[in-house]
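Multiple structures follow.
Shared between the two complexes below is chain A, which has chain B as its partner in the first and chain C in the second.
Here is the complex of A and B:
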């Protein structure tokens, strides 16, 4: 039997991608996850611009991870210019990072993943059949957006986050409002754990290399060193020793590897590496959801995202408590430029995000490199499909495609930044 | 019958589509009032019988020119959604670098993905009926547009600059503080959100008719900005607009 699966423009993912899979007599003859998104050329756009403009421009790489891009960019600038932000600046940045991770995971879980579990094509029929589910998801999503609105005007392309600090210093009442918004989310996030607990996650395991930041103190999202069990710790400046990028003919997003292995980044990789640093409530949620770590089932990335969502809410409350009670020191100081090279890495919702800039003595960008989480996962998704297919050949065509789409979607690919996704055709 | 709407995405960060999904309180009502037949980011269905098309993103490939033309043929009303679609947006920044250098700078080789062209606005390819500006779009303005379309009233944009909104909020003027800001020549409607959060207006909603660009340029030069620096600020979002000879 021959299956020729061509999933053209996979839906409910961020960006444009195709999956080409050709199976003959139970063997895969051809397998390509094609990324057909238009290349944007941000590394070109930045050349000749002043380094302090980079966060504002690179935020536009991705609407859904705008804060991550802004922060990776700011960190690269601060490293190149040798600027150390204040403790309050770092706390506020961590709260904003949490808000973005929460917003992105909730959007993915409720609007893009949940329809699979109810066997409907989108959130629209789901909103008619189960309005309370969709409304709960939207309320949680709004929580994250509200935090961003209060602190930096909006989530998509945050305003006034810059090298050294914040252009607008949040007032005390702003922080009180952030706290209220976070507290209001607790019953909904608790109910979300109950909701996803009942959902059937396909069983499929494959060992791979899990890469993320790892920090001494906090569960690493904003800061840390590069880490995998196999590589131990690597300084962010040495990232080229940790991760190798290669150009693939059929993909406008580059592929990444570490050593001779494909890698997985994102929520599941982070939990595998840093589970012990999660907040107690998040650990409790992992238990309720039946997630035992380390976990090698990529479908469980959805559950890992939910555990992180719980963490982001509770940990933001903890971070708020740690902010200076008097006048916060978050204003922007003088920026003196110098020649240099800077690397900034954060854990975006979908995984490690790298920005690197080289600047001259006038602060003008002479070189730039950005490595996007989804690009790092592409090779791993292909290897997963290769391992998954023999086990699902007995399923009907419809079920097989659904299983494949769910796998790709579990990675929550964000293709608009990595450089869109599945029309299906069977030939028998 | 609710009008059939399609949302399409070309070269962009997809943030304008996400702004629509950010209407958390309104989505449950909105999906009853309009029939979304094509919105790849959020739904599986791919209907081609839409009357109203929102296009996000710029055109940066030959293949996209044909797709935009097809959408134009099908749609009764075509709306440019956001700065990339309306102005070319930040995507235009690459146009100021030699085309031969693009692929080799990013991919280390130039013999792949040959289908890449200088960034174009949607209006450079097909006639555009309405513009919903911004980077990203203002979600309230999106709602106002949808209400207009439902009632068959043509939505209008403010014909005054961001400065007016900024002053009415009582903000301290950034230019008076010696900083750059394009709020005096940029179309209002965003509530002066950037200067309210103490950052410069970078002109993402486009230049408002009747603006005195030369006068702003002279003021910024008095504040110590070079001609090149001022030109670079305008290029962030307005690199294709017919103002380059004034800079």
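Here is the complex of A and C:
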């Protein structure tokens, strides 16, 4: 049996990627996940800029992960300049990371994944047949946006966060508003768990190396050391010992590996590494959703995203309680520049996000490196496809394509470089 | 929904050359003494979050780079949402959530829609890099003049 599958522009993923798969008599002859867009040029734009500009520039890399890029950048700057933020600053940043993870996961689950389970091509027909489902997703997304608006002006390209702290200290009433917004989301997130509980996730398992941050205290999204079961802990400054990037001929994004293995990053990797630190409500959700850890089914990354969404809501309420009750210490102190090298890593919605800057004694960026989560997952996706295909050869080509697209989509790849465009046709 | 406020919203990515023209115009508009009833916002690349931005206003002027398919690409175009090509298929991808998809979703969900006027700025160089091409830059004064006029900031003209 021969299949020649060429998925040009995989649908419902962020950005443009093609999948080339050539199967002859049950054997894969050719397999390529071609990435035709990449954000790596953005590093060049940082060269020659003052280090304090970096968070504002990198916040523009992605409209979906703007908080993550901003915070990875801020952490790299603070590391290079030897600045230690206050406990309140860290707590507020953690709440903002939660908000971003929540909004990104909800966007993926409701707008991109849910149509698969209704056998429709996109969220548009889903909005026609089940408007209440889509509206619930939009309400949850708005919750996260509201939190960012209250704390840092907005979610897209946040303007309130900077090296050292926050441009504006949130008032008590702001924090009360954040609490109200979070509490208002509880019925919808609970209903979301019920909704996804009933959906049939394909069964496919393959062991790989799960990489994420891991912290001693909290479930690691903002801080921690680099971790995989095989590598144990690695300091973020030593990230080159933990992760290796390589150039692939057919892809404008590099591939990544750790040791001799491809790696998986993102929600499922984090849950595999840090499940015990989830909030009780998130653990309860995992149980309701049938997610048992460790889990080696990449399709379950979607379910892991939902479990993290539950965690983000409940853990944000806990973090709010930990903020200073009196005047918070979140203002920006004096930023003294010096020559140095700094690394900042956060867990963006799709996985570990690395920023590294080298600066001279005037604070001018002389070197920059940025590793995005999707690039880290690409080799792993290819290996998953290789392992998956023999088991689905009996399916029709249409069903095979659907199963393959669902697999790629389960990783929630963010391929593109954020260019925003309108296409207009003028009738002359 | 705000009845009396006008939103002037710039869209695009300043890291992608001329794609960021909307942001540059917004930054210039912010320096002008516009009436208090006008909100001028640098929207960046909001994707689906555009819904939240649009749904709180009755009148919106969007400023964005436009990629033309045929026709005259040498100047500023003013278009309505209906002028934008609607895809023949029901595709919807998060990053690709351009204005058409967002408007389409809002309409499908029967959400309140503002009156929208789109100022399409000709984009010549869409490539990673900060800064506009000279060809693109030369249209900024004209665009600002025009936005001032249709927003009622000049000559007290009514919106739309």
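Here is the rule we go by: the second predicted complex is superposed on the first by the 413 of 428 C-alpha atoms of A that agree within 3 Å, B and C clash if a C-alpha of one lies under 4 Å from a C-alpha of the other, contacts with A are read in each partner's own complex, and residues count from 1 in each chain.
Rule of thumb we're sticking to: a residue touches a chain if its C-beta (ideal position, glycine included) is under 8 Å from a C-beta of that chain, and two chains touch if they have at least 3 such contacts.
Here the structure is a predicted model, which is why all the values come from computation and not from measurement.
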(request) Check whether A:124 is in contact with chain B, with chain C, with both or with neither, and answer first, second, both or neither. (result) both
(request) Quick one: classify A:57 as touching chain B (first), chain C (second), both or neither. (result) both
(request) Quick one: classify A:168 as touching chain B (first), chain C (second), both or neither. (result) first
(request) Applying the touch criterion given at the start, work out whether A:254 contacts chain B, chain C, both or neither, answering first, second, both or neither. (result) first
(request) Once the structures are superposed on A, label A:142 by its partner contacts, choosing first (chain B), second (chain C), both or neither. (result) both
(message) A:111 in the overlay: touching chain B, chain C, both, or neither? Say first, second, both or neither.
(response) both
(request) With the two complexes superposed on chain A, say which partner A:322 touches: chain B (first), chain C (second), both, or neither. (result) neither
(message) Under the contact rule defined above, give the chain A residues that sit at the interface with chain B and also at the interface with chain C.
(response) 11-15, 41, 44-45, 57, 60-64, 66, 107, 111-112, 121-124, 127, 131, 134-135, 138, 141-142, 145, 155-157, 416-417, 420
(message) For the complex, give me every residue of chain A touching chain C.
(response) 11-15, 41-42, 44-45, 57, 60-64, 66, 107-108, 111-112, 120-125, 127-128, 131, 134-135, 138, 141-142, 145, 155-157, 414-426, 428
(message) Residue numbers of chain B touching chain A in their complex, please.
(response) 9-19, 21-22, 24-25, 27-28, 31, 36, 40-46, 60-61, 64, 89-91, 93-94, 96-97, 101-102, 105-109, 112-113, 116, 135-136, 193-194, 196-199, 202, 232, 236
(message) Give the list of chain C residues in touch with chain A in this complex.
(response) 11-16, 19, 42-49, 51-52, 64-72, 77, 79, 83-85, 89-96, 98-101, 104-105, 108-110, 118, 120, 123, 126, 128-130
(request) Sort out for me which residues of chain A touch chain B in the complex. (result) 9, 11-16, 38-41, 43-45, 47-50, 53, 56-57, 60-64, 66, 107, 111-112, 115, 121-124, 127, 131, 134-135, 138-139, 141-142, 145, 152-157, 159-160, 162, 167-168, 247, 249, 252, 254, 416-417, 420
